[in-house]
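I am attaching a structure below and will ask some questions about it afterwards.
Naming follows writing order (A, B, C, D, E and F), and every chain is counted from residue 1.
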Amino acid sequence: MSEFTHINQQGNAKMVDVSNKEVTKRTAIAHSSIIVNETIYQQIVQNTNAKGNVLNTAQIAGIMAAKNTSTIIPMCHPLPLTGIDVSFEWNTTSSNHFELNIQATVSTTGKTGVEMEALTGASVTALTVYDMCKSISQEMVIRETKLVEKTGGKSDINNG
Amino acid sequence: MSEFTHINQQGNAKMVDVSNKEVTKRTAIAHSSIIVNETIYQQIVQNTNAKGNVLNTAQIAGIMAAKNTSTIIPMCHPLPLTGIDVSFEWNTTSSNHFELNIQATVSTTGKTGVEMEALTGASVTALTVYDMCKSISQEMVIRETKLVEKTGGKSDINNG
Amino acid sequence: MSEFTHINQQGNAKMVDVSNKEVTKRTAIAHSSIIVNETIYQQIVQNTNAKGNVLNTAQIAGIMAAKNTSTIIPMCHPLPLTGIDVSFEWNTTSSNHFELNIQATVSTTGKTGVEMEALTGASVTALTVYDMCKSISQEMVIRETKLVEKTGGKSDINNG
Amino acid sequence: MSEFTHINQQGNAKMVDVSNKEVTKRTAIAHSSIIVNETIYQQIVQNTNAKGNVLNTAQIAGIMAAKNTSTIIPMCHPLPLTGIDVSFEWNTTSSNHFELNIQATVSTTGKTGVEMEALTGASVTALTVYDMCKSISQEMVIRETKLVEKTGGKSDINNG
Amino acid sequence: MSEFTHINQQGNAKMVDVSNKEVTKRTAIAHSSIIVNETIYQQIVQNTNAKGNVLNTAQIAGIMAAKNTSTIIPMCHPLPLTGIDVSFEWNTTSSNHFELNIQATVSTTGKTGVEMEALTGASVTALTVYDMCKSISQEMVIRETKLVEKTGGKSDINNG
Amino acid sequence: MSEFTHINQQGNAKMVDVSNKEVTKRTAIAHSSIIVNETIYQQIVQNTNAKGNVLNTAQIAGIMAAKNTSTIIPMCHPLPLTGIDVSFEWNTTSSNHFELNIQATVSTTGKTGVEMEALTGASVTALTVYDMCKSISQEMVIRETKLVEKTGGKSDINNG
């Protein structure tokens, strides 16, 4: 048999080796948001949605997705998360639409950062709000999803 | 944008932060049982069930469920389990029904206890016995599922 | 090579062939319950648990587990469920303990019944209540888990 | 035992019963996008990312996530998808940033629509681009994620 | 915004649309085998393996993997399988090694064939035998894994 | 209640306790291969397969399967993998068939070896090649899947 010609050097996928990275406490905070109309806003605030408590369901979905990130994102390293918190805030400055801000905070003690876990948690929280409210209107829009802060590892980041 | 009003302080879900908890060896033992009729009992003992070996299938299901606990129980921390054992004992004191006792023992080296893994393992073992035997009778009843013993972490527990 | 000696006829596992069964509407209702102490009862009723809304989290866990039943129970057929409802009722007849009754109702249109989905949904709902409240006391006990009613397919069952 | 007081009527979660909905062909198209800097753009276009082919990996992640939507989004019905396509387009109108448009098209023959599958597919595609490129910069932003078109079922939608 | 330039036409991944394919009964049979040494053979046959009944565990793993094929194989369509059977046969013609033949038979009623489900079931059965016995020797070899027979759909295949 | 009669000592399954094993860096390399005909070979090499880039899709599937090994192989311990690499090499010595060699390299820092992760990664890579190409011909054969090398833990192995 001929030598291995290392097709993988030609640009294909690998989960990079982090064996030699340090085990440290790491945290990440990600942000997303979803724009809803007034009917949906009222239904969420008054907890009258026919499928259940919108924010609580979305929060639980976000937490479970953060835990499953390494099975959803192909090259993401598996990590035993030590804490996940998803919180909400309404931004009602516009007269005809309502923006639900979503913040996901994730922590671990491990060899890689948890920014993908925070981003995945925030995204799935937003998607679940959409799912719970889509029988009212499907014109909801999920807005900017981004990393806000990251600590631990080689370098801290603060995009906030 | 206004300040985050911390909707999450109002009673919604979070996976509590255990970053600062100590990594120690931890074990938990949980118990469940299922009541079956004599036909089912004979079929299990004589290994004549049409779907397969009932106890072995149930045991494997319980072990796999214990490993997957953090994806089944929303606020449960992921933990790399180091050992899982599911064992059985027949209690045949009654003349017209038979009780299969199920004991699940789980161990890990981690920051949180493994009682949910032991309880989930015991429950899924019982549910699988039900599934394997339900074509005979659906009057089986899963009885008390509870924590028997827990070691490691802040405080040991013994409900045995 | 010698003939296949059909080791599988000797009592090992198979997912039985239901290709020729009729596609009909099928429902199942399962029941479980969990005994908690007064502190936990008050915390659930007043929604003051530190990990979140206990009943809502448990309900969501039960619904998600019902959908995943065929990946949890080894010989269970995969089925596209069409509806899942988990409801609760407090039984407070005893002066010093409180029983939370759990009822899971599942429906599908398919070739096999959904009793395992209802039972798994009810069990995981109870397990999640345990998880949410276990920092208060680990003396909770999950009580009888059983099938209450089943419709569709060859024969209806009513154990209620 | 007292009557079931239907705690579930008080606003908690349920997967709504669609048993009586018609089985029809249904499609949905969702859109997302991610803003990257020029270094990342060049790396994607020239296929020089150290973790692999960015677009192909993202596409596969989006397709797999679309298939798993009912395990990620709590109240989403399971559906056997019949087709999933994720496509990309670069929007390079700005001089200093580059926007990768993502379109996910999903089809099924079933009782419920596939908008959540399309939205989840588009979101996870964007998240995977982020993961593949985050070692270069973490200032990427996932922009609007929304439903573009939906056919089949009660009413067609076109937000395009 | 410019037109979608259909990057996906350039060779990237899609789950092909089978919406218009006929729903028919389909079956597939796949074969694999694993070569073990005499110590392992004796341990399997006498059921003395320290980790459990080797063949039964392998069989259950194969059945569960067949059910999960569409989450393991990226472009594979999800299908509600109606039956799975894994059987074994020893081929002991050689004096110093033993070959365990594995046959996985899968059936469904659906729009696509189940050859990947049969092949995945056979492969995972073989891998599980390896896992159960690897503390004895790691010189086991999994031999030819291939499709033996396929019925239903456009064309039957018989490679047997 | 009578004493636990330890049915589990009679040969049933357990996930053996590795609590007391040392945490060390561990690696494993596994090999598999698949035989394809010339049409499939040309399609892979020229990247003209209708379902996408065959090798890249297979590689991603193999990496994701390696991460999920403990949920696929029943008695396999969960491990947070630190690196996974899947590479390919063509062996075209025969005039009428083409063999794609697959090598999966896995690393972790943990209490158990990663040979099952490497073997599962290699197998699923081969199965995915089959899936991507099966519309051309289903006479592909997956050949020897085996452990090539293992380091860390009690004893190194080199079957290469």
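Assume contacts are C-beta pairs under 8 Å (C-beta built on N, C-alpha and C of every residue); 3 or more make two chains touch, one makes a residue touch a chain.
Treat the numbers as computed from the prediction; the structure is a model and nothing was measured.
Path length between subunit C and subunit E in the touching-chain graph (shortest route): 1. The angle needed to superpose subunit C on subunit D by their Cα atoms is 120 degrees, rounded to the nearest 5. The interface holding more C-beta pairs in contact, when D-E is weighed against B-C, is B-C.
Comparing the CA-atom centres of all chains against that of subunit E, the greatest distance is found for A. Judged by shared residue numbers over all numbers used at their interface, subunit A and subunit F contact each other through mostly different positions, with under half in common.
Ranking every chain by how far its Cα centroid lies from the centroid of subunit D, the top place goes to B. Work out the mean CA point of subunit A and of subunit D, and you get 13 Å between them.
Taking each chain's centre as the average of its CA atoms, subunit B and subunit E sit 29 Å apart. Mean C-alpha position of subunit A lies 34 Å from that of subunit E.
Shared interface positions of subunit B, defined as residues touching 2 or more other chains, are 12-16, 52-53, 56-57, 59-60, 64, 68, 74-75, 80.
Contact annotation for chain pairs lists A-B, A-C, A-D, A-F, B-C, B-E, B-F, C-D, C-E, D-E, D-F, E-F, with touch applied as defined. Chain contact summary for the complex, subunit C toward subunit B: residues 11-16, 32, 47-53, 56-57, 60-61, 64-65, 68, 72-76, 115-116, 119-120, 123-124, 126-128, 130-132, 134, 138-147, 150, 157, 159. Note for the complex: subunit D touches subunit C at residues 1-8, 12-19, 70-71, 74-75, 77-80, 110-111. Within the complex formed with subunit B, the subunit E residues making contact are 52-53, 56-57, 59-61, 64. Residue ranges on subunit C touching subunit D, taken from their complex, read 25, 55-56, 59-60, 63-64, 67-68, 80-91, 101, 103, 107-109.
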